[in-house]
Amino acid sequence: MRDRFAIFGAKSQEWLVGLLLIVPAFLALLFLRVIPAGIAVWESLHQRSFFNPDEKMFVGLDNFVFLFTTSPTFLKSMLVTLVFVTVTVAVQTVVALMLALLFTQRGWGMSFWRTLVFLPITIPVAVSAVVWGTAMRGDGIINAALERIGIPAQPFLASSDQALWSVVIIASWIGVGYWMVFLIAGLRDIPDDVKDAAALDGAGPLRTFFSITLPLLKRPLAFVVVANTVANFLQFVPAAILTQGGPENSTRFVMYEIYTQAYVQGDVSLADAQIVLVLIVLLAIVALQFRLLRSKE
Amino acid sequence: MGAIPRFATVLFTIAGICVALLFMLPVIWMLTSSLRPNAEIFAHFSPLTWQSIVPETWTLSNIVGLLGTGFGRSLLNSLIVTVITTTLGLVMAIMAGFAVSVLTFPGRNVLFAFFVVGFSVPFDAVAVPLSAQVREVGLTNSFFGLALAGLGNGFAIYLLRQFFLGIPRSLAEAARLDGASWLRVLWSVYLPLAKGPIIAAGLTLFVFQWQAYLWPLLVATDPKMQVGPVALAGLVSLSGVIDFSQMFAGALFLSIVPAGLMLWLQRYFVSSVSRSGMTG
Amino acid sequence: QTLTGAGDTGPVELNLVSCCKPTYFGPSVEQWNAKNPDIQIEQEVIPFAQLNDILESRIRAKDTTFDILILDPPRTASFAARRFVLDLTDVLGEKLAKTTNAESLEAVTYRDHLYAVPVFNSTQILIYNPEMLKEAGVEPPSIDPAERATWQEIIEKAKTVKEALDLPYGIAFSQGHTFYQLQPIIMSAGGGVGLTGDNMLTPEVNGDAWKEAMGWYGSLYADGLAPRGVPFPQMDALYTSGQLPFLATTTDRVREFQNQGVPFAVAAFPYMEGGEAYTPCDSFALAVNPFGQHQAQAVEFLTWLGTTEEGGFAAAAQSPNVPANLLVMNKVSDEMEAASDNLDGLKELIEYETDKTCAHRPASVGYVQFETEFLQANMDIINGADASSRLDQMQSQLEVALSRIR
Amino acid sequence: MAQVTLRSIEKRFGSTRVVKGVSLDIANGEFVSLVGPSGCGKSTLLRMIAGLEDISGGDLMIDGRRMNAVAAKRRNIAMVFQNYALYPHMTVAENMGFSLRIKGLPKAEIATQVRQAADVVGLGDYLDRLPRQLSGGQRQRVAMARAIVRHPAAFLFDEPLSNLDAKLRVQMRSEIKSLHQRLGTTTIYVTHDQIEAMTMADRIVVMNVGEVEQEGAPLTLYDHPESVFVAGFIGSPAMNLIEGTLSPDGFTAGPLTVPVRARATGPAILGVRPEHLILDPEGHAATVALVEPTGAETQVHLDLAGHKLTGVFRERIADAPGSTLHVRFDPDRLHLFDRETGKRIATP
Amino acid sequence: MAQVTLRSIEKRFGSTRVVKGVSLDIANGEFVSLVGPSGCGKSTLLRMIAGLEDISGGDLMIDGRRMNAVAAKRRNIAMVFQNYALYPHMTVAENMGFSLRIKGLPKAEIATQVRQAADVVGLGDYLDRLPRQLSGGQRQRVAMARAIVRHPAAFLFDEPLSNLDAKLRVQMRSEIKSLHQRLGTTTIYVTHDQIEAMTMADRIVVMNVGEVEQEGAPLTLYDHPESVFVAGFIGSPAMNLIEGTLSPDGFTAGPLTVPVRARATGPAILGVRPEHLILDPEGHAATVALVEPTGAETQVHLDLAGHKLTGVFRERIADAPGSTLHVRFDPDRLHLFDRETGKRIATP
């Protein structure tokens, strides 16, 4: 036993324990996510014959070249996705934070009201999409309400100008309550005495929020932003059901593009090339966010 | 805090109710729609009247009809699969989250980066090759096979890491000196102090699995293994017509379980105590 | 040709991948199981929206866990060319020719080989609300294919009724986003099926006829006559809740509307002025998994369905669709017509359309790409895009997409 | 600068009464020390004055205005917390400058003032560190500096020097005192350190289980404790207390008799401070129990006729435990208390 | 019980050397006090001994075994943290019983031991409270009790009494001492309290910026500090240090001349403890700057020929600032240090 891990110092056993604790999750992620992603990288360098899917040819970067030069939709879908993600993450994070603040205040039945806000995430996305699609119909309930207050009916999902924003609203209705939960957990973790100190230093509620609460919420906030980015980057069900990527490709999210490519049209190589690009873009964004949201504490 | 006027409490309560209502409106509409005949659902949008929300004819036939389609069984399947995923996934995530946040060892950050890559991989995109492998090892039509998709959840690990980092390290040190093994430190110190985040992580796993749709389609070919969301989507007829009232009834049934769970777990979201045993 | 499972003795369990409600194949499976203890069939139901996607990926992965699959006829070429379905020409070709609607058989034939047993057929009709028409003083269109109305006439009537009764809309197309429902209109305007060439891999979707038909179709929405911004699955509900007088839809609505007690009458599917009449056709067929373990037993079941009266009836029992099995076709349409006294002539109409006006979708390996592109273009046109330029765009995008098929 | 008045202030946590009707008048510019046993409610009282804890009963007046319902941030009071409560995400400089930033002072001005305050507490080199990179004492000094930098109407200190070494503590003590002299800011200062309490404060308030036992000038409390509790609490090592009986002959406890000048008779307690034990060959013979040299002095624990006494002597005493030492009590420095009530018995 | 040996122990945080080669031999059962200015590395040293911090260099031996790589939980060492580190979710009783529960002791046994330890620290009534419901001093006592209950091989205390009131501190001090006498457990005790360090320890180790300045028996350090640093650090109020020159005539600092018996000459520092200033009408005339009565004594800050001096007198002195006081230095108690090296200059 003596000095077996001497090079690591007193805390050496942590290495072994850490290893053991990580192994299950590591294997799960390795086999369920990372290896399939690796296969996608390999496949993206090949082209499978349509008529004989078993036959595959090494084509180098041809698939990528196709995506960037020939594909009529890929670049557009990347752009649409980036816009969607940026807006949705911003909207959802801000709203979720506001709700988290509201629902950590003292009030009657607060936990019950909070649960109601959380409820939408539990409804199958496909059904939520139907409900909102119905509500946003030209003659739907939202337009009826708008007309009541004197605003003309809007086309919402039927217009290439409004469709993306409509999907943002739907995605936010679904997600906001969910992200709120993490922020509530984070808010609860901020020590009271630090807030006390700020109050004595003369900080009002707003000041305390921006100078104390927000910086100390950085870790959970970083989680929400990163997780939300990834989740929305990969989100496509509402758009697939409601708009099929339209009108005029305005809601053609890149995951929908991949789904169509791989499942509907059976062009696996091209889909894999897209997956690789999505992964690269996503990791770049996440790395950037990590950098920006690193907490000092 | 001293000196908080009482009317603020009233104000916050009202705000809370308003927000909750706003989020509930679509759900309420679903609820009432599931209690009215299919034809009536879309009849009263414009202009807005009370009938848009309140059914003219109340009927339970949608719900009764729904239960006749074996929906109950699917719900039960969903529950079993989700419990498996949540339990196993949570155990794995807690262990890994603890390791990458509390323990210090070489390669820790590399491992964490690996987890980040892991959760950036779009699952829908790798589901097909994965389902082929699951089929090869003979896990199709098993609850475990269904649960597998949710197990490799890097999000839960990342989430727990973020919160574990917020627990003062000296607590772990005190426990170590008290003779606790690292597992014991995890069990006796970190778990009780991170109840809220652990519930949040559990919810992540729960919701992922509860909403799972594509994966069950790929690996659960036996109708006896059908899960709720798939059963719900099956209410669409050949020519694309949907029995909306039945679908809404089903959706509501599907959300009862997680909503109830959330309501029950509320009380563990108590104010954090993680720093209250110390100075500085 | 040898089929797997041919020599098997003892009980076998077959897996049938179908879609939609379990009742589609439920009665057939039950009746078969009751009579064939050695070959028991288990039904797996996949929601319609994902049916083809899931099948595609499972067969590509050489899934052996199912034996019979539901086949959407326009996919026949694509599936057959990739050997995703078993060639049934030798075992069933001749027998089926005697008992099955020839048009339906054609739809599941690729390069003279038969790949599936057509179980259902479909056609479309125009449903109208006789009470509304009467109130607005509009002459109802005829159910007689010989006196088929033109679309232009119908649109006029729809406008009149809409205005007279102050209805939100005049007409709806229950599958108006799909090529299935729009193909007859385009062809009636003189357009082709959209794909040509040796392999049917050359798009031809921006000719004058196409542009005219689609321009006309888009104008219905632009004018507010047809409902823009309403999800297509909700079109029927507009009709049943009394918000419009005309609904172009499939025959299966007849039974449904009757059950619901909705007022309706049937007219023949209209045609474009100066053109010929076409109607959509074809519906699900059953095929055999080339990687399945019990092909022989699967064929036995398909034979029973496609070539016997008993099997045909079993299949037709709960389906609102038209059977493809000629042995039962007559009786089923009789029943449908007899169900109500305002349906006189429905049987003749169905027989006429399935025989004479059937417009098959293009038998191309690239049909999926074609259908996907059409859906996008069509939705854009419905939402107000200029038909002409949008079809030009579709033409070029489709060329790119089809160029990937090698 | 502010005048702080407490009128029957109460604090309940659930059903536990932690502060039981405390009344105090603190004049403008006064320096008051709050002392009392651990858990007696000192921190709670400070927190109520600061506005961090709801007041369960009574009135808190600052400059004549009732402040019970005024938010903490409007009271312009600075507090050094017993557990520091530093902002973990801010550097030392940011921690200190936070209140100034809120006031909207220009950056350069903030930097100057922060640097000044940092120099006062000797943290000039640590301005860019985060709290977690500091030692315990360094953190405490940051907390001090954060209060000093603000020039508030009143200072509340909750054991601000407890984690500092003796040298630094003496230094900080005089810093605080000269600061007080310079600024004249009303100050309430909780401490466990006798020397701090005695030397810094204009007035000492002694608390016991949520109540004020006695208040007064430091030497008054020292020389004339009104109760056994105060007598035992003020002064370290604590006053020796001997139970006995008072008769016209003097004070008797078993074989021990001490002549006193009290008129009262009955059960009583005699108090004598350790430094008022005088080595005297003529004195009572006592057995040495333990000798503790502190350098400057020697603390000797004695057994005198069964009573345990402590004496503090300037002399280095090296007697081994068990040996005999002769001591007498300084007759001018004796205290007498009623055994029932614990109250002081007047001596003419 | 354990014997602890440190051989050139080093600690670096990044590039900062915080502990710079500390060597120490602590005998089995010894009670060692570790003192030094804030931030000098005391806590860091304790943490390395406990196994909470990796050792950057040197060897740590416990009972002759090299322990650098042994996990904290296997060292059987108890530590009272400077910031308490109580388990916030456990009651006082659970906090105390945690280590026993891990050892697998039966419940009844745990309850008994917990109760005993709680009584030692006077927390018997608080066993069911959570840490956040306790006052600062109460928390510190829980931390103490948690260490006591364990009967470990060695105790490490990091300023365990700093938040306690004087009375309780004296009481706890003797508790710890008698505990040590009873159990004989090797103890390393960090403190800022002079009296604690002097009276409790067998040996005092004085640290300064990561190094050991001097170690030895308490009185040795007090009477013979080897350096200016130790001279100034040990003793409170601190020793008066006067810079001047040593010549065969004695020690000269401006107009002040003090006869000393040193052989060396050159720039030097004269040290005299406050208690070794003696009131004497024949002595040097000094101006009173400040008078601080502490009750038992009076601390007087003086200005003697431009040198600031502090004197501690048993007498109550009421002279107003500005008045003159005559003092002389106890000639037997003078200390001399080299001004360059800070080292002690031997006096015969």
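Chains: A, B, C, D and E, in written order; residue numbering restarts at 1 for each.
As a working rule, contacts are C-beta pairs under 8 Å (C-beta built on N, C-alpha and C of every residue); 3 or more make two chains touch, one makes a residue touch a chain.
For clarity, every value in this text was computed on a predicted model and none was experimentally measured.
Asks: Go through the assembly and pull out the chains touching chain A as well as chain C.
Replies: B
Asks: Which chain's mean C-alpha position is the greatest distance from chain D's?
Replies: Looking at centroid distances, C is the chain farthest away.
Asks: Select, from all pairs of chains, the pair with the highest number of C-beta pairs in contact.
Replies: A-B
Asks: How big is the gap, in whole Å, between where the Cα atoms of chain C centre and where those of chain D centre?
Replies: Taking the mean C-alpha position of each chain, the two centres sit 92 Å apart.
Asks: Quick one: report the Å distance separating chain A from chain E, using the average Cα coordinate of each chain.
Replies: Computed value for the inter-centroid distance: 56 Å.
Asks: List the centre-to-centre spacing of chain A and chain B in whole Å, with centres computed as mean CA coordinates.
Replies: About 15 Å, centre to centre.
Asks: Give me the residue numbers in chain E that touch at least two other chains, ranges are fine.
Replies: Answer for chain E, listing residues that touch two or more other chains: 51-52, 71-72, 82-83, 136.
Asks: Send over the residues of chain B in touch with two or more other chains.
Replies: In chain B, residues 1, 42, 46, 128-129, 181, 233, 242, 244, 274-276, 278-280 touch at least two other chains, as defined above.
Asks: At least two other chains touched by the same residue of chain A: list those residues.
Replies: 8, 11, 13, 130, 134, 137, 139-140, 191, 196, 199, 259, 262-263
Asks: List the residues on chain E that touch chain D in their complex, please.
Replies: 13, 35-39, 43, 82-83, 133-138, 141, 158-159, 162-170, 192-195, 198-199, 218-219, 222-223, 232-238, 273-275, 292-297, 299, 312, 314
Asks: Which of the residues in chain B end up touching chain E in this complex?
Replies: Touch list, chain B to chain E: 168, 170-171, 173-181, 184, 188-189, 192-193, 273-280.
Asks: Could you list, by residue number, the parts of chain A that touch chain B in their complex?
Replies: That would be residues 8, 11, 13-15, 17-19, 21-22, 24-26, 28-34, 36-37, 39-40, 99, 102-103, 105-128, 130-132, 134-135, 137, 139-141, 143-145, 147-148, 173, 176-178, 181-182, 184-186, 188-191, 195-196, 199, 219-220, 222-223, 226-227, 230, 233-234, 236, 255, 258-259, 262-263, 271, 275, 278-279, 282-283, 286, 290 of chain A.
Asks: Which chain C residues qualify as touching chain B in the complex?
Replies: Those residues of chain C that touch chain B are 15, 17, 19-22, 24, 42-50, 54, 57-58, 60-61, 63, 65-66, 168, 174-175, 232-234, 236-238, 240-243, 250, 252, 256, 260, 262, 283-284, 319-321.
Asks: Which chain A residues qualify as touching chain C in the complex?
Replies: 47, 49-53, 66, 70-73, 130, 133-134, 136-140, 155-160, 242-249, 259-260, 262-268, 270
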